[in-house]
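Scroll down for the structure; my scribbles are underneath it.
The first chain written gets the first letter, and so on, giving A, B, C and D; residue counts start at 1 in each chain.
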Amino acid sequence: MNTFGRNFRCTTFGESHGKAVGAVIDGCPPKISLTEADIQPYLDRRRPGKSPLESGRQEPDQVEILSGTFEGRTTGAPIALIVRNRDHRPGDYDALRDVFRPGHADYTWQAKYGLRDHRGGGRSSGRETLARVAAGAVAVRCLEPYGVAIRGRIVEIHGVTGPEAMEAEIRAARDAGDSVGGIIEVTAAGCPAGLGDPVFLKLDAAIAGAMMSIGAVKGVEIGEGFGAARLLGSEMNDPIIAGGFAGNRAGGILGGISTGQDIIVRAAVKPTPSIRRVQRTVDIAGKEREISIEGRHDPCIAPRIVPVAECMLALVLIDAMLEQAKYRGEE
Amino acid sequence: MNTFGRNFRCTTFGESHGKAVGAVIDGCPPKISLTEADIQPYLDRRRPGKSPLESGRQEPDQVEILSGTFEGRTTGAPIALIVRNRDHRPGDYDALRDVFRPGHADYTWQAKYGLRDHRGGGRSSGRETLARVAAGAVAVRCLEPYGVAIRGRIVEIHGVTGPEAMEAEIRAARDAGDSVGGIIEVTAAGCPAGLGDPVFLKLDAAIAGAMMSIGAVKGVEIGEGFGAARLLGSEMNDPIIAGGFAGNRAGGILGGISTGQDIIVRAAVKPTPSIRRVQRTVDIAGKEREISIEGRHDPCIAPRIVPVAECMLALVLIDAMLEQAKYRGEE
Amino acid sequence: MNTFGRNFRCTTFGESHGKAVGAVIDGCPPKISLTEADIQPYLDRRRPGKSPLESGRQEPDQVEILSGTFEGRTTGAPIALIVRNRDHRPGDYDALRDVFRPGHADYTWQAKYGLRDHRGGGRSSGRETLARVAAGAVAVRCLEPYGVAIRGRIVEIHGVTGPEAMEAEIRAARDAGDSVGGIIEVTAAGCPAGLGDPVFLKLDAAIAGAMMSIGAVKGVEIGEGFGAARLLGSEMNDPIIAGGFAGNRAGGILGGISTGQDIIVRAAVKPTPSIRRVQRTVDIAGKEREISIEGRHDPCIAPRIVPVAECMLALVLIDAMLEQAKYRGEE
Amino acid sequence: MNTFGRNFRCTTFGESHGKAVGAVIDGCPPKISLTEADIQPYLDRRRPGKSPLESGRQEPDQVEILSGTFEGRTTGAPIALIVRNRDHRPGDYDALRDVFRPGHADYTWQAKYGLRDHRGGGRSSGRETLARVAAGAVAVRCLEPYGVAIRGRIVEIHGVTGPEAMEAEIRAARDAGDSVGGIIEVTAAGCPAGLGDPVFLKLDAAIAGAMMSIGAVKGVEIGEGFGAARLLGSEMNDPIIAGGFAGNRAGGILGGISTGQDIIVRAAVKPTPSIRRVQRTVDIAGKEREISIEGRHDPCIAPRIVPVAECMLALVLIDAMLEQAKYRGEE
């Protein structure tokens, strides 16, 4: 299923080594100003190769809007976005053609589809997130008039916090031919109360599904999250006061609906599966093998997931805003 | 949105103090044997008032199948399940008619809908999970021929493990007019590899959304979950060996698709919001008030959420199995 | 697929001889006044046995609202409606247990599901339309504040118009142990311009799908319909004048979106398949047989389809109104 | 709503004078051989300017596959198709910028979206059908292994049949600066019995919605269609015999499910709204005006709708085949 959302519907396409990745956004409200300049900065943030600590694939990732706008404004028609793949070296993956890389999707996607595109993971590659970020940038553009601001950050890497310590962890992993995981946090400020569609599309449910759909994410929590399991009710409940709440352990969502306070989401990112250290695996004939994965791989994916998570949150929120508009129009 | 699933579509209805709760299941395969006896045990597990530690609302919760079966087998037509509410004492909630209970959905549902059913939370009440459990029981029935077995358990209560210690925490909370949270775990054994529909309905994404949609859940993780954020890649990757994997830190899902190993999910349950201890809140006129919530409330919701979580996992899995059948038929 | 609509989502259930038929409406706006008295008149109109010309099954068809309202107003929670089947005589169908009735769904539903409920057609029975009418009545209630008025009528029976001539055709058919078809027309006045969601949920596309889903309908047309195929462009185009249009050959829909003029829909209803006249068929063993269908069957279904068609149009329109509200709220 | 289908999901984009039109197909089964050569012939059939009787817009309409295939076979990942617009002369439409063309979508799309792309109708243009045809060609490719064959033809133009008479009607209309309508018929042979998903996605309902979504279509019928309204039951019912049916007045669908016989669909196409003859209209200020639409317009759209209708039928059938596969896998 490559469509996300009910009202602001985002369909993505594209593989690691295909011709292009992109998205079609259906249900974007009309009359929103939109050009490539609104989207490109998000792609630039996500792009690999920006820092010595990240993988070296060099892609210009220039977005082009193919439809859905007229004289610089959205028309309500579907908006198609495309980014051509340039710096793909499928040859890098030839040695891996016949083996399943541990921790990757190779084994499971072969089981599901009966075939797999071995070049960089095909559709299971992190490159598909580029399309999500492009679409998310459009969602952010739609949210701006409402005063919604979304910010992401890295909370910890391999259990440590603080920029220098986190950077040291990443270097150490890279030098050891290994990788590290981390925890990221995304916050949305300025959301109105009332967003979310109970019971199955409660806002936190939609957010959890959105975050967990990002490759390498293994856990999602809202507000106190797993910490809430260790609190008393008298500690967890945010007191209600005139004008709002005294505290936000709820992370901005109660009963599956936004309270108007900051929405706080954290996601756990597992360490990059592709490492130089030798690993045990099997080949497609079932024979046990050992592999070492060379090439241009991030020792830690968490920093690159931050913009993706921000964009997924934006997609959830614009979808919920449009849903709520159905009732607002009734007043 | 009160429908869950794409293939095995489950629509629930019913409030805490309405006439009945129930579900309509659309897309259940035909020729599955099904009677009330297949469903009732799940409702009995979920029912309140079974132990001195749980709330006292006494409901017989007898399920009735209204449609969708003929001579004891499903026909492929929609299956309607209904459970009449008996022991509802809406009067218990009169004192709360004009205030918002902290930690509950009162405030946010009022913001969203412009009105709220104050009687026990209306649709936001935990009683709506009864319908999910009834539908989940049908899902379990459909999964049985495949050898899928789902088991849930409580991992910890208020940070402690072990049955006696957990029970002591719950008693202490109740005696103090307070409440405690916990962590539950649900496991599905016997699932085939290949389940899940990337990228947005990856199996873990569907599971995360399903669990987070359960009231009081504030976090969801798969396999190592948040623990993966603190591991090295060489530790996290499960080696692939002839016939499967050596290890299951992945929790049965890689690249969003099942591996064939046990699927392991954990959910964080916040402490029950309704406590006897005095709390600060406001009334519907915005005036600050103090309240103490008396009545029949669980000091810990986690035990009752276990069958709900098992049923949500069953609903996700049968949905994914039917999705995969579209391709299996092609071979 | 037993759910209709995207915003005003109506899931129906129930067979001819099961315990009950009913519907769950999800997405009904909150704060709409609603009681059984708003729905019952529509069921009464649809009920069999009201005239000597119609079938004799005597059903009280009393509707009960099980959820989704509080103090006589909708809450935004799912609304469950139920009607118990009383006067079912499954024994009437025993003689037909092993044969496929020509013109009915027996053969095809057996092919699809691998089994069939022979009692009155099971889920393929016209009785399932009762649930649609109940839900449609709620849709009509929601449309009233907008001034939308929906009216249906019979245009012709067996090629003739005029009440006496049409009645004569029905009597003649019944006396001959045969049946006749007809054409019905449903009109919606007072719709605003702008309804419809191009390209695949254009208003006319949604209406066509809705009408064709009614059993026995074999054709649907809008405005001039098939007559437009025989006009010149200069004849078909409705001139645009200040304040609207001079003419309505378009039937209220242009480019798939409502113009603000009356929406005019016609549906072709085939003759009732169940007739006393002898017909050739096969039994479930594939052996050729002859059957004569006795019992309580309408010689013409068209009159009873009128309220069903009105209700389907109401469901389409309220769904489109809520969809359009997403944009209206933006202005 | 620009996505069609539940299993074989086709999302289209693109306007008359935007950069490109295209489609993303999600849910195409893996391992189907697919290259541009499978799609291009369908686009060539649909292309304008092939005969002196059709409009003169010269477009190469060369399709490019951007994703979803590997080594010439589908992978199960989304398939993106794109066709760049070349011969667009937006200037042709400048004179129409401020008026609403009668019979077109200008008025209604302005009412809905609050703005409109006046260049050739924008998204309401017939050019969006190019994307449907591209996607339909992929659907046809997927249906081939099942032996399903889809054929379309023109039944009548302006009330007359026979190639010479129909051509004469078109010439006469063009010479008069007017246009004519027609009726087309599409047939699908070789479909298995059992396709369709009652009650709301019965096969005929899905087909009706699909055909009515094509611009200029004002009516849809199956089998005898509106003719059934004038038959007796004894005439309409197809007798069932060993091995099938004696007759096919049902048009291949009974109870909303395919019988295994030819599926026969007819659609009524209204005359082209753009005519040279003077028409009354208003401008965007509401002032009454007269216009004459010059330029490259077909005097009859019906011939160009035939391939579009074939492709829509293919999309419905592959979607239904995949739906049915969920159950077939169970046997």
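Please note the rule applied: a residue touches a chain if its C-beta (ideal position, glycine included) is under 8 Å from a C-beta of that chain, and two chains touch if they have at least 3 such contacts.
Predicted model only: the values in this text are computed from it and were never measured.
Comparing chain pairs A-B and A-D by the number of C-beta pairs in contact, the larger count belongs to A-B. Per-chain CA centroids place chain B at a distance of 44 Å from chain D. Per-chain CA centroids place chain A at a distance of 37 Å from chain D. Spacing of chain A relative to chain B, judged by their CA centroids, is 26 angstrom. Annotation for chain C: residues touching 2 or more other chains are 1-3, 6, 12, 30-31, 76, 112-114, 123, 327. In terms of which chains touch, the assembly is arranged so that all chains touch all other chains. Contact residues on chain C toward chain B in their complex (touch as defined above): 1-3, 9, 11-15, 18-22, 24, 26-27, 30-31, 64-70, 73, 75-80, 82, 112-117, 119, 122-123.
Residues of chain B touching chain D in their complex: 6-7, 29-31, 76, 322-323, 325-330.
Across the complex, chain D is touched by residues 1-4, 6, 12, 100, 102-109, 111-114, 121, 123-124, 128, 156, 158-159, 173, 178-183, 192-202, 204-213, 215, 217-242, 246, 250-251, 253-260, 268-275, 277, 279-282, 286-288, 324, 327, 331 of chain C.
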